[in-house]
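Structure, as structure tokens:
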């Protein structure tokens, strides 16, 4: 975490001069200098950095150069949008990915399986931004059934603004979340399929078959449970990836989340926002890894047994 | 010499790969498409009469010519022209050359990095192995797009603007390559662990063959199969990553547009009826990535008999 | 049966979603950027003023036809050349119901003169402002000021009481990132009041029922929903989520027009786009000749004549530009049709001029361009690169975001660059003062001519209009003959909207929703 904090601060500190991005065409040099002084940009680097770390630990990342509002406020304002988008996408990707993956893993030579696989391969080959543009063109412009940008009407719950409680909010999340989930979904399909195929050839499945347990029970009770282990790792990485890829989706759909904020910040060399975003992402990754490790413990009996043996 | 060639040919002809290849229509079709794309992209100077990057040869009055089969199309611009009067087909081919160069270089970079780390880690083991594997874990959790944005941001900060335009392509190769290497490292380590315990390796060690020689002469050829599979799929990923970064505006500079840059520029004309400016680069990119993925898929099934 | 019911249910929910909630007479308005702050004195910037203009009013204002007319003042007179007396309307109420008096006007003008105000330059000539009685205000200027009314039309009047109660006596210090009540709230005398403010996402204006004026609009609500990406903005308009876009991209106008429910309106904007060529440096920063070819007028003229402005108009601007001969436009004092004529496009003449100047094989040069400031700025520059290539000039295009572009121009890093200039005062002096005067802040071509400088002095102090106009005409002739800049075109702005929405288009790109209606 600290490393990321350092990287995010110190490196972006060399990226251009923020002042030029803040002032208009008709600002005098004196005014520029004054501004530089107010923002503390004239202080030596190490003073600026220690100020950064102290503030960051308090959740303060200073004031956005571009929007002139506290970054912590901006982030907390944008956070719900990104989280809702990512959660919905992850859900779509996981559920449909697992289902399709299991189906194709069991019916290996079926016609439908071939179609699903071909489409999933196409999905891997279609960049997210192309899908997004296509969706907007098709559903918003030609058919006019779904909104092309933004979150629709949101309900403010005080600490959280949600789009789940209004019709327009629910409509608005469809295109971005499906766009975002497609790429991940295809991965999960292929992963689950491969796992299922491998597991179905293992000895214990053969034994189960020999013992006369029904195919259905073999598939869903025995095989799927073990097949899910790598899916959980992937799902963990997945959420991180989804957050990162939401930068693209949010840009295409003008989704008022953090990725959109970040890309705008990059364009304006808005250092406080950029560093706060990176610190936030690092935090999320650490958390995800932690949660995945715990989930492993519950799902994979081998790890549990090992852990108990050690503690016992 | 001649007979040697012949035996090589025969060896290929008799191999299981070749057999599986001619039995798989998808593999053949995608390979043919790829060969055509590679050929046209790398010899684009001979394929088309236009050089879209020579400004003096362009005429603004040619701009926005639709594809040749439509009403206002011109036969000399098969896929039409863009907003600057550049022939779309040649622009796409030049763009795909950039995309391919970046994709290939990035994947070769990560292949070399990943395989050498994975191979040595698997071979030597110990603390070194632990560190390398820990690194791959960390690296795998950082999404490639974020890594690339970060690397690009750093590069912009360190090198000056004039330098950056020239360096952009190397920065991009590095940025994409650095996020792909863990795959190679994992696979080659795993394969090395298996090979290491085989008799021929122990035998070589006993007769005093050096570690480096063992690793590169004996183990390396044996782990090439899975590495190739990953490399092929990684190539498609790298090409897509490049186009995504260029679409976001942090990729190659617009003076040497790649497919992603072309889609970004064309996106402005999506609603104005000039659909071909964004449609053709996009479809070209999808065909390219799809063919590579199909081929990679076939290779995985063929070279990884465990799944069959 | 079960699945059939499910489908029915889904369809039903779907149609419920489709039937959009119809707000009574709401206009959803979109543009690229948002207002930066609601404090009407903190930022002098396009969208910020557009938003303030709906909520706040000034002593005088420009109407739909851009002429200056009364607003909060009913009439005014000059008692001597430097003293102005304004009589205020007596029926004006702020949206909180309190009456507006001369105290508020005096307070607002003084507030706009504070160091944190972005409008202090506008009214720097005002030396004193005082209330003569409850509805009379006297303003004194340092020198006779022929453009005081122009300047005052941008100074919005706030409530003294409201500012005092909300600790907003001085303007928000925008540069230091200060947060004030006035930056996120507003309370003016205008036809609308802001009821919801989410920066960069949504701003809701509601009809101000206490407005003093004659209500000509039929709106109950305006929503400002900024959308940064041009294609998304157009998609939102076409799909009906947005009613009006005040910066429609030129390439999409045909598509919007082809929609049965939409319309496009265009009008010449008060902005001229041109190229600058540094004619003073001894050696160009980006050239390969070791000297500065731009010192020779022949070279500048060769560049000028190599540019096929009609092709740019037709292909890049889709017909929406007016080729320009000078950097000012109809409606500005000093503009004439004669001056606005261009030198003819002639590639051979251009080549000959280059050869005469001693560069028969051309040379290398870098062209600096913004890529997010003017209409299709980068595309224009790309076209210029191709055209100059035809006379042997090898141009390396460097396009970047506006803030960097302007900063680097300020730092004298440009040899050859694009710039656009508007004239908010509608007087030629504004152009000469910034672009042509020796050492002027935006004179980055380093043009210097004593006669022009002398004429600028006349423009500033001369009250005799004939003499003043003569000086303006003379100055324009000198700079035009010298090819001090390479003018390209006057910008044309386009607003795209639903047919049922009627918002009159204005050359300064500012919508006035008090004259708008929705059918």
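Order of writing sets the chain letters: A, B and C. Residues in each chain are counted from 1.
Please note the rule applied: a contact is a pair of C-beta atoms (placed from the backbone, for glycine too) under 8 Å apart; a residue touches a chain by one contact, two chains touch by 3 or more.
Keep in mind it's a predicted model, so treat the numbers as computed, not measured.
J.: Would you identify the chain whose C-alpha centroid lies closest to the centroid of all protein C-alpha atoms displayed?
T.: So the chain sitting closest to the middle is A.
J.: So using the touch definition from the top, which pair is joined by more C-beta contacts, B-C or A-B?
T.: A-B
J.: Whole-Å distance, chain A centre to chain C centre, using C-alpha means?
T.: Measuring from centre to centre gives 39 Å for this pair.
J.: Measure off the straight-line distance from the CA centroid of chain B to the CA centroid of chain C, and report it in whole Å.
T.: Spacing between the chain centres: roughly 46 Å.
J.: Distance between chain A and chain B based on Cα centroids, please, to the nearest Å.
T.: From the centre of chain A to the centre of chain B is 25 Å.
J.: What residues in chain C touch two or more of the other chains?
T.: 231, 235, 238
J.: Return the residues of chain A touching two or more other chains; collapse runs of consecutive numbers into ranges.
T.: 16, 133, 137, 141, 251, 267
J.: List, in ascending order, every residue of chain B touching at least 2 other chains.
T.: 267, 270-271
J.: Using the touch rule from the top, collect the residues of chain B that touch chain A in their complex.
T.: 140-143, 145-146, 149-150, 153-154, 156-158, 236, 240, 243-244, 247-250, 260, 263, 267, 270-271, 278, 282, 285-286, 289-290, 292-294, 297, 306-307
J.: Could you list, by residue number, the parts of chain A that touch chain C in their complex?
T.: 16-17, 19-26, 28-29, 31, 34-35, 38-39, 63-64, 67-70, 133, 136-137, 140-141, 144-145, 147-150, 167-168, 170-171, 251-254, 256, 264, 267-268
J.: Could you list, by residue number, the parts of chain C that touch chain A in their complex?
T.: 16-18, 20-21, 36-37, 44-45, 174-179, 199-201, 225, 227-229, 231-232, 235-236, 238-241, 401, 403-404, 406-408, 410, 434, 441-442
J.: Using the touch definition up top, name the residues of chain C that touch chain B in the complex.
T.: These residues of chain C touch chain B: 230-231, 234-235, 238, 249, 251-256, 308, 311-312, 314-316, 379, 382-383, 385-390, 392, 395, 397-399.
J.: Looking at the complex, which residues from chain A come into contact with chain B?
T.: It is residues 7, 11-16, 121-122, 124-130, 133, 137, 141, 194, 197-198, 237, 240-241, 243-245, 247-248, 251, 263, 266-267, 274, 278, 281, 285, 288-289 of chain A that touch chain B.
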